[in-house]
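Labels run A, B, C and D following the written order; every chain starts at residue 1.
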């Protein structure tokens, strides 16, 4: 384990969101919005800086309170955590810019309705920054109980954001989300309890050294995995996700589908492939793979049946979560494909965050202007809202996995891993899922490309919203063009077997 | 440690209470059983040599949570103008489902229990390490040392959770003007007299708990919850006081606990000194300052949370009973 | 065991008797008002005896004062809550029981 | 059998009782009660096993964890109850089933 002391910059990336969340709450909407946008940019710069320093000097740890790990809590920085941190910052900045336009006073709206948006804007910023801060705590913490608290922060703020709209649908999906996510965290906490009573340490790095296969370890990892699966909304516990993601205001949908999902998935990956490597049985990985497979097909089929765009995107998230879980069976076997599986799974989750955030932003812009998101009424949208449809098409490319997008790289690596480990059925599944994804994306694009009815003018959407969704979708494509940089970062202190990937990266 | 007869009686009673609480026909009975359950659980904490947790359980886990439930139930019933008649219903309506679930849950419980029996008899733990580091922590009570120094980061985030929830409760009522309203009914004279005695007493007790936290069970959460109890009594009894979140003073009070902890943590950082690493000569004072400010925040936050789920937080049509601007 | 201990056990025993009587009253009395009556009176007295017994058993002035303080607070709060419950019951229209 | 084992198994049973209640009962308040019961079960498990040191000193780390857990639990309870109250005010119902059935009735 590396013992280089990290700079205080890592603390700032965690604490700055909380600090500005508090300031946003104190300052009210107008100043709060400004604080929010400025913080988002500062955070991006900070995390990029942190990424560079990790890239140059390798992984590091930071002892909070000066008590290092068994007694206190450590922050650890390695390739995976810095990558997650960085993409949260990039996606988060785009979402912040988008929200900057979204919650502004709107022309042509009734005064009351505008007041509603103003109130939503007031509370959006503190809640969003607490979610962001919670995610940063989660990515950097190396203490399993500290991670529990971080998970609770993320879920509470996510639930409050879902309920922000105040409509019955929003309240209902927030309540359902709440019960499930709380169940998930309690089950996770039980797993933490088992681990601590068996080994007497909470630090991930120390646990890795003392953990032994056996009844207790199996029970603990099973409980923690169950809890995190509930939180990530893998099939069969996915039913809460679509209403929650679809009924929220657009920036919130982007946060949930893009970032919050990534948080619990990240933790699961870290637990499975760093801490519990010796404990996990291959059959468990296969089980998660089967669930993922059902999620891919079921989610995509459900997405095809939806008549509302946001609902369709939410079901698409269910399917894409399935792809992320293919990482587990592909990695469980000990062979040459593991590097591809590891890289592919992580890469897929990152590019999904970018693409899905972009798609939800466009869907939100359309709702903003049209007041609805019924797909069948999208006729002529390509003429009336060209930037949005273009951004949606780019994001769609990544969701389908067309080259040269980030989604393509992720899927390609997973495919390669499936072939190399001899599990060809997963390769078939990946292809089938992509075809289904193409169906639901092209269904939307086809309608928007039809000629507009005469007399319909261009949509009036604030430029900030248009540009931020466009930037987000460019990122989703850029991830495909410049795949080496994220993969190189991922390699730093990576737990698995990157040697086999050397050739691919170069 | 050997088992005694008290434990053998208490443990099954707790299980029985939990079971009865969830299946009681009347929700009010369920909630009362929940409060009793909480009190008995705090007895179990005493048996398990955890007086700190016994205090918190009695004050927060049982009393305050019970008040939240009672407030919520009472509000929902009054809101409907008729008592909510609620039958115990099984979700999917079938006995088969219940049986299946019970089998699942029982097998889960047995696997977990069985694995407890395989636990090593005597675990390393961190007791010795904590004892040796205690001198440097600025407090003598090991639990307080863990909470505010060794694992102060957790506690900081926990204050963050409390603050976050108060923001969320306000956000739930975001569409309408928000302020805490008092019940239009007249306060009882006896209750007011009681509050006249109780309020100074509780402030005294809270302060005692705060001070004693350094070397004996007690601390900010217990003290804050004590003060919150007085606030809740005032609210329920109809004593005139009201909050208005539009005023910055109230928002500042919500923020001060979490905010000051955060700023102190960042303030001591620099050079060789890490985040939340208090200088040794200052650590006692800084910990007390953090706890003191946290107590104030916690008490107001808890009262607001109670108000939020028992209808004292104003929402819907603006109520004529609302008193605005009377300072808290 | 010293004489002091015997006295202390005796007082605690008396207190427990009062508690038992109070519980019997709650279970057997006919209406809410008489039950409240049984509960507050018997329990306050019972608690008083138990605290007296404990104070004698400990034999420390500061502890005894703390115990006394607990008793006073319990008496005040039980009087108040008993009054509030009775008032709520009256307002709900529950008529006090009378012997037929 | 020692006190630690007794209470840790009691904690597990309380957790499972709560889990069953959470799934099976429909009323929101009962579900929230069940979540609190589950939490208490976990806390009891942690504290019980913190108490099995041979030197008789309980381990303070689980105590701190449980203190944090109790505060998080009360925050969660307050939050969900506020949600439930709002939902009740908007729909007049107190369970997913009732709201769902009502919805269908309105559409027909």
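As a convention for this text, contacts are C-beta pairs under 8 Å (C-beta built on N, C-alpha and C of every residue); 3 or more make two chains touch, one makes a residue touch a chain.
These numbers were taken from a predicted model, which means no experiment stands behind them.
Looking at which of A-B and B-D shares more C-beta pairs in contact, the answer is the pair B-D. Separating the CA-averaged centres of chain A and chain C is a span of 58 Å. Taking each chain's centre as the average of its CA atoms, chain A and chain B sit 31 Å apart. Averaged C-alpha coordinates put the centre of chain B at 14 Å from the centre of chain D.
With centres taken as mean Cα positions, chain D sits 27 Å from chain A.
The set of chain D residues touching two or more other chains comprises 8, 15, 45, 49-50, 59, 61, 65, 68, 72, 75-76, 79, 83-84, 86. Residues of chain C in contact with two or more other chains: none. Of all residues in chain B, those that touch two or more other chains are 112, 119, 123, 125-126, 130, 151, 154, 158, 161, 164-165, 168, 172. All chain pairs that touch, listed by label, are A-B, A-D, B-C, B-D.
Remark: chain D residues 1-10, 12-21, 23-27, 29-30, 32-34, 36-37, 40-41, 43-45, 47-61, 63-68, 70-79, 81-86, 88-89, 92, 94-95, 97 touch chain B in the complex.
Residues 188, 190-191, 194, 197-198, 201 of chain B are the ones touching chain C in the complex. Those residues of chain B whose C-beta lies close enough to touch chain D in the complex are 1-3, 7-8, 11-12, 14-15, 18-19, 21-23, 27, 30-31, 34, 37-38, 41, 44-45, 47-50, 52-53, 56-57, 60-61, 64-65, 68-69, 72-73, 75-76, 79-80, 84, 86, 88-91, 98, 101-102, 105-106, 108-109, 112-113, 116-117, 119, 121-123, 125-127, 130-131, 142-143, 145-147, 151, 154-155, 158, 161-162, 164-165, 168-169, 172-173, 221, 302, 305-306, 308-311, 313, 315-316. Residues 111-112, 114-115, 118-120, 123-126, 129-130, 133, 149-154, 157-158, 160-161, 163-165, 167-168, 170-172, 174-175, 248, 251-252, 254-255, 258-259, 262, 265-266, 269-270, 273-278 of chain B touch chain A in their complex.
For chain C in complex with chain B, the touching residues are 73, 76-77, 80, 83-84, 87.
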